[in-house]
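Following: one structure in structure tokens, then a few remarks.
Which chain is which? They are A, B, C and D, in the order written, and residues in each are numbered from 1.
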Amino acid sequence: MTTLPAPLRLNDAARARMHEDYRHLHAHPELSMQEHETAAWIERQLAELDVPHFRCGGTGVVAVLTNPETPDGPVVAFRADTDGLPIAEQTGLEYASAARSALPDGTQVPVMHGCGHDTHIVSALTALRRLHAAPQVWQGTVVFVFQPGEETAAGARAMLDDGLWDRAPRPQVLLGQHVMPLAAGSVFVTPGTAMARADSQAITFHGVQAHGSQPQASIDPILLASHVVTRLQGIVSREVDPRDMAVVTVGTFHAGVKENIIPASAEIALNVRTYSSEVRERVLGAIERIARAEAEASGAPAPTFRRLSSFPRCHNDPEHAEAVAGALRAELGEQNVTAPAPFTGSEDVGALADAIEVPMVYWFFGAFTGDDPESVPGNHHPGFAPELAPALDTGHRAALAGLLAYVGR
Amino acid sequence: MTTLPAPLRLNDAARARMHEDYRHLHAHPELSMQEHETAAWIERQLAELDVPHFRCGGTGVVAVLTNPETPDGPVVAFRADTDGLPIAEQTGLEYASAARSALPDGTQVPVMHGCGHDTHIVSALTALRRLHAAPQVWQGTVVFVFQPGEETAAGARAMLDDGLWDRAPRPQVLLGQHVMPLAAGSVFVTPGTAMARADSQAITFHGVQAHGSQPQASIDPILLASHVVTRLQGIVSREVDPRDMAVVTVGTFHAGVKENIIPASAEIALNVRTYSSEVRERVLGAIERIARAEAEASGAPAPTFRRLSSFPRCHNDPEHAEAVAGALRAELGEQNVTAPAPFTGSEDVGALADAIEVPMVYWFFGAFTGDDPESVPGNHHPGFAPELAPALDTGHRAALAGLLAYVGR
Amino acid sequence: MTTLPAPLRLNDAARARMHEDYRHLHAHPELSMQEHETAAWIERQLAELDVPHFRCGGTGVVAVLTNPETPDGPVVAFRADTDGLPIAEQTGLEYASAARSALPDGTQVPVMHGCGHDTHIVSALTALRRLHAAPQVWQGTVVFVFQPGEETAAGARAMLDDGLWDRAPRPQVLLGQHVMPLAAGSVFVTPGTAMARADSQAITFHGVQAHGSQPQASIDPILLASHVVTRLQGIVSREVDPRDMAVVTVGTFHAGVKENIIPASAEIALNVRTYSSEVRERVLGAIERIARAEAEASGAPAPTFRRLSSFPRCHNDPEHAEAVAGALRAELGEQNVTAPAPFTGSEDVGALADAIEVPMVYWFFGAFTGDDPESVPGNHHPGFAPELAPALDTGHRAALAGLLAYVGR
Amino acid sequence: MTTLPAPLRLNDAARARMHEDYRHLHAHPELSMQEHETAAWIERQLAELDVPHFRCGGTGVVAVLTNPETPDGPVVAFRADTDGLPIAEQTGLEYASAARSALPDGTQVPVMHGCGHDTHIVSALTALRRLHAAPQVWQGTVVFVFQPGEETAAGARAMLDDGLWDRAPRPQVLLGQHVMPLAAGSVFVTPGTAMARADSQAITFHGVQAHGSQPQASIDPILLASHVVTRLQGIVSREVDPRDMAVVTVGTFHAGVKENIIPASAEIALNVRTYSSEVRERVLGAIERIARAEAEASGAPAPTFRRLSSFPRCHNDPEHAEAVAGALRAELGEQNVTAPAPFTGSEDVGALADAIEVPMVYWFFGAFTGDDPESVPGNHHPGFAPELAPALDTGHRAALAGLLAYVGR
């Protein structure tokens, strides 16, 4: 069923090891930028194989697998993200997570591999083990980037700031993949924009506190922020070309402690999704324009803006996307490789490629065998549970197929 | 039933003349600042009596009635306004108006004495005739001010600009009265604030026109002006002391000619009511602040403001109000003179007194004999119909009683 | 300087005791409905005097002081409230509070007599001691009601529910007083409405949660609640007679935990102030109408309403108010007793009188000697510090003068 | 340069006739559903050729051109719309229109062929003449549909209601084309959705009239409609998948005659653009839901909805679009036939095909030779001026090429 060179195929022991690794990682998720145990575990696997590697960006790990027989061959990078989420797992799996950890603000929360990054780690590691074991079927160098902190858009940035591409060989292409509620054995590879840019910020509106019976002594920040929320709707409805994608979500609104006190301030937090940088600039500019003007309309001081995160573009180079799609079609079957419209979700993988201006190909792979795999509890849901065997089978084969498109002999 | 000196009381002929005058005027109303026939008619009455008089402010007439026996006595002014309204009369009266005339913009409209200014003219004229006929019972000078254009706040201004108080003797007090849906024989005299200030303006919001399918090419002035309308509510609800009176009414909103074209502009017209100058300043300032800031929130140019009218304060000097109330109580009965809370309606009579800093007393008199005189169709209603005999009886007696408080012997 | 009968005047020892009591109570404030130590302390003072008393409403204490010589004389009630506030005192006084306590939800907070109820307790107790010591100058019975939980509108209700007027003699009038930032030696007694009704409620809007990138899968409760907040402004600005008093304050708005998740619900808490029951009904009805309709406009389920508190009317019987004002004028001086417009703040004292339909007189007394006593840090401010000697001197004299208007000989 | 069979190519006389026809029609535009002279002119051309034809839908004309040699061949329909617009032409052309006519409401307005329908008529007529002249190069039947009233979405409906497809042979495909600001010699053919659906409606909100000083006696329809306008923004911003196209434009807002009168009603008119019927249903449903609920939020009666127009889908059958595109590529050159994203503008041509469930292909053809043909004054602009010779050359060749894809030998 597979077209991979025989030496790269899994035997029973390798498959058992892959499954065991997954169960271990799934049971031990860690929060973004706190992936200390995960990083140490990855390092142990690499040390066992004697593959050169280094820490990067705190809890990131980079493995440089050079084919000893053909060290001067092509260089390709493969990225796997490693962090979990503050979600209380409700999958009922025997290897479900019971982990708890502290958010940056000190709050203790449950932790879950709720976005399937454990499948990413294990798929990448399995590909690495197979390539390590079979130098005769490939050439050159594969740089495996185990990246922390994808969920907060902090990890790619941290690795770049820590000199990732000064310390690892510069690849000609960066590959990566993400598990999704799709049929096992199938992948999505969309040329061009694959996911949305996402920009998050908090805005604090400053009013003047007063007793609830004396509004004339106040500048009411709740009324101000409410006008901002209603005003922001006009950005998507009126300022963006109706054929372009843009989302402005106000996800939090917090103000006040007592119903009879007009509070001194109100804070909202926003999340913006766009595909193109032009639309992104227009939307972010409009948000600031509206927030400032509404504060003026209330006679209030200028609001305070605080950037929370910024997910970059996730752009698949069309030529490389076609090349990788071809390799995946060969391995997974013609009908199992499609190119749907871009997702409105976001990823920071693009930053790793854009930082050194190399092309990227990022695809989504399936993990479910039921009748309607797209309707299972999805990523970030407490019940998100990729089916172990088919998920990892799809994940490691897609990784190997994609890599061989560049380093195959 | 009356306590007026016998020579001032009406005989049958005088009463018949009063009623006839009223029927004539009621049937021939004229629009604000177009009271040409009315002014000429008043002039004819004055000429008949040989009372000195002069035109002032276009269609205003001033009569100076000096007692020949006591020319150096007190000077008091009495104001009666003379204009009708663009309303189609629906009273069914035999002397109902069928008049039509042109508004300043050229539109032909029906005209009606819909605010009862005809009762004001006739009451004042009857008082003048009685005083003229009986110099033995009074002293000094009464300046009768027949003022045009009250409804548009243009008339008092026009008379002042035309040198009213340079041409007429300066009075020690200004009196005036207005007919209302109250019981005939009763009056309201409220010390201090008696009516509201009223300020009207139009605001034009400038956007950018575009086809309805291309909002991104527009700046939508309808959305902008709609946000202004909702934003303006916060002035009364949050910026004014809840115990103070303030009204911000947006009475017109006009924009666009076709549903699939985003128009280039939107215009709203506002009317503001306040009692105190502090609240007035605060409200007008907030309107401008909000209109400008909302234009900025839309990325639009600054709006254009156009003042429509400004009705001044209507303030009864407390001491004089008490003096006049005493005289009215003597004439009309103790229980028929009350001092309710100020009205939220407006008048420009106050400008005549404030211009020369003399005290004013302005009262409301009743004109109805039914069980519930306050529930008849009121001023500005197409069916507003003061009952001829009781209205004029109350009006001319109240005028004489108020005047005698100053010029009685 | 006082006109009180000589036996009621304080000697040095009594004055020292009054001051000492105040310092003790001020240093030991307790939260609403938790006034256990305060109640016990009051009971000890009453026991010391052998005055009959009983617990009522948990932490309320009622003392029934009957003149042994004239037990059948008039019966009058005097109410003093006893609770402190969750405020961190910043007066710098040597007897400042360092108390902390737990709110009903378990949060530990600092506690302060930030509304001056300690002056109420001590003024009442001092009056009780003087009357107890001098039965020869008065007659009948005074019921002293030491009421807990005024700040949350729970205390009057609790005492009534605990049978207050079944257990205490029914008075012919209920008196009470409140310290304010006014000149010591002066009082405000306003006939009719003296303070506002206040009604508080929380409203939860139910939406549908979704990822921030998928608004189409959500019903956005933040947008819904924001439209409600802006919509509510129209109640005061458009639905209430501009001459009536009404305030609708949204004091809290809480929704969401993360900027990229559209939350499942949003909660706002509102405080309404009105003088008349008609306006109150209209405003509360409009709030519910708007909240329900806006939920429908969002396609959301009906919101959930939760009543937080309801402060009743605070209505001074005009005749009794004049009688008490006369007594206060005699004691404090003509110019020191005025009748300003009603306050927009609220009180639950009215419930005690309205429950048995007896007239009430409630006044405000001053406590400051500086040039501008109305500009000191006011009630509920961390720096609110009535001046000990002049505040208590005014408070106990006003209490005695008011009481003697009914029970004096 | 052309690949058309030689007998179909224009000689100088035919080209001169084509130009002359165009100049005549351009100078004599008529408003929608008033195309009486235009219809008569078309009929005269057809009569001259003895081509069977009939009136349909008032001012529509249908010509049935059957090849006498091969009457049983394929049947294809070609639609050309014929109406002008109420625009004052500002092209400066020697054959510019000076026409004026009356709108349905009686208003006299200037009329212009501002959307280029004159090029459609002449291109179709030229194709008809060439096919009529050269029966040897084609087979079957072409039904030429000269449709009135496209601009108001009334014309297709009127022809269908008048039995179009009962009276004309049923075609296997419907073709049509529209001139656009594109390079002459180029066309756009987009498979699937080619233009947006458009639905227009007016909504009247009913309030209660009152004097501007008495908002409490009113239900303010301007405030109500303003809340609706702001509320409607949430449909596109929150209720539609961000990747779907939807526009909700409020193009007019009219209420009130005087700033100090709160009017009895407010009317807005909306235009909705969507591609898919699911999104259309969702948006139209949300508009009604919001309008009704906001009226309830104001305590107002239900609003009145009035449908203005409804442009159907404009869907190009993908297989036929590819077939036609192939024919156009052969005639115009590979690089001159592209398939851009759908337009957000609208057309009623789709109704003609959907009524009998036959596939449609509708394309856009260019008419400008300058450097930047897409930046000239566009359709509906007073300066829209297709370049006569290149526009008609492109138009009639595209029509013939498209038709020959079906009826060619």
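Rule of thumb we're sticking to: a contact is a pair of C-beta atoms (placed from the backbone, for glycine too) under 8 Å apart; a residue touches a chain by one contact, two chains touch by 3 or more.
Quick caveat: nothing in here was measured; it's all calculated off a predicted structure.
Peer 1: Of the other chains, whose C-alpha centre is the longest way from the centre of chain C?
Peer 2: D
Peer 1: So which has more C-beta pairs touching, C-D or A-C?
Peer 2: Per the contact counts, A-C leads.
Peer 1: Distance between chain B and chain C based on Cα centroids, please, to the nearest Å.
Peer 2: Here chain B and chain C have centroids separated by 45 Å.
Peer 1: So, what's the distance in Å between the C-alpha centres of chain C and chain A?
Peer 2: Whole-Å distance between the two chain centres: 55.
Peer 1: Could you grab the centroid distance between chain C and chain D? Build each centroid from C-alpha atoms only and quote it in angstrom.
Peer 2: One centre to the other, that is 71 Å.
Peer 1: When you check chain D against every other chain, which residues touch at least two of them?
Peer 2: Residues 213-215, 220, 223, 227, 230, 233-234, 237-238, 242, 247, 273, 344.
Peer 1: Quick one: in the complex, what on chain C touches chain B?
Peer 2: Residues of chain C touching chain B: 230, 232-238, 242-243, 245-248, 273, 341-342, 344.
Peer 1: Under the stated contact criterion, what part of chain C meets chain A in this complex?
Peer 2: Residues 196, 198, 200-202, 211-215, 220, 222-223, 225-227, 229-230, 233, 247, 249-263, 266, 268-271, 273, 308, 343-346, 380 of chain C touch chain A in their complex.
Peer 1: Using the touch definition up top, name the residues of chain B that touch chain A in the complex.
Peer 2: My answer: residues 213-216, 218, 220, 223, 227, 230-231, 234, 237-242, 286, 289-290, 292-294, 296-299.
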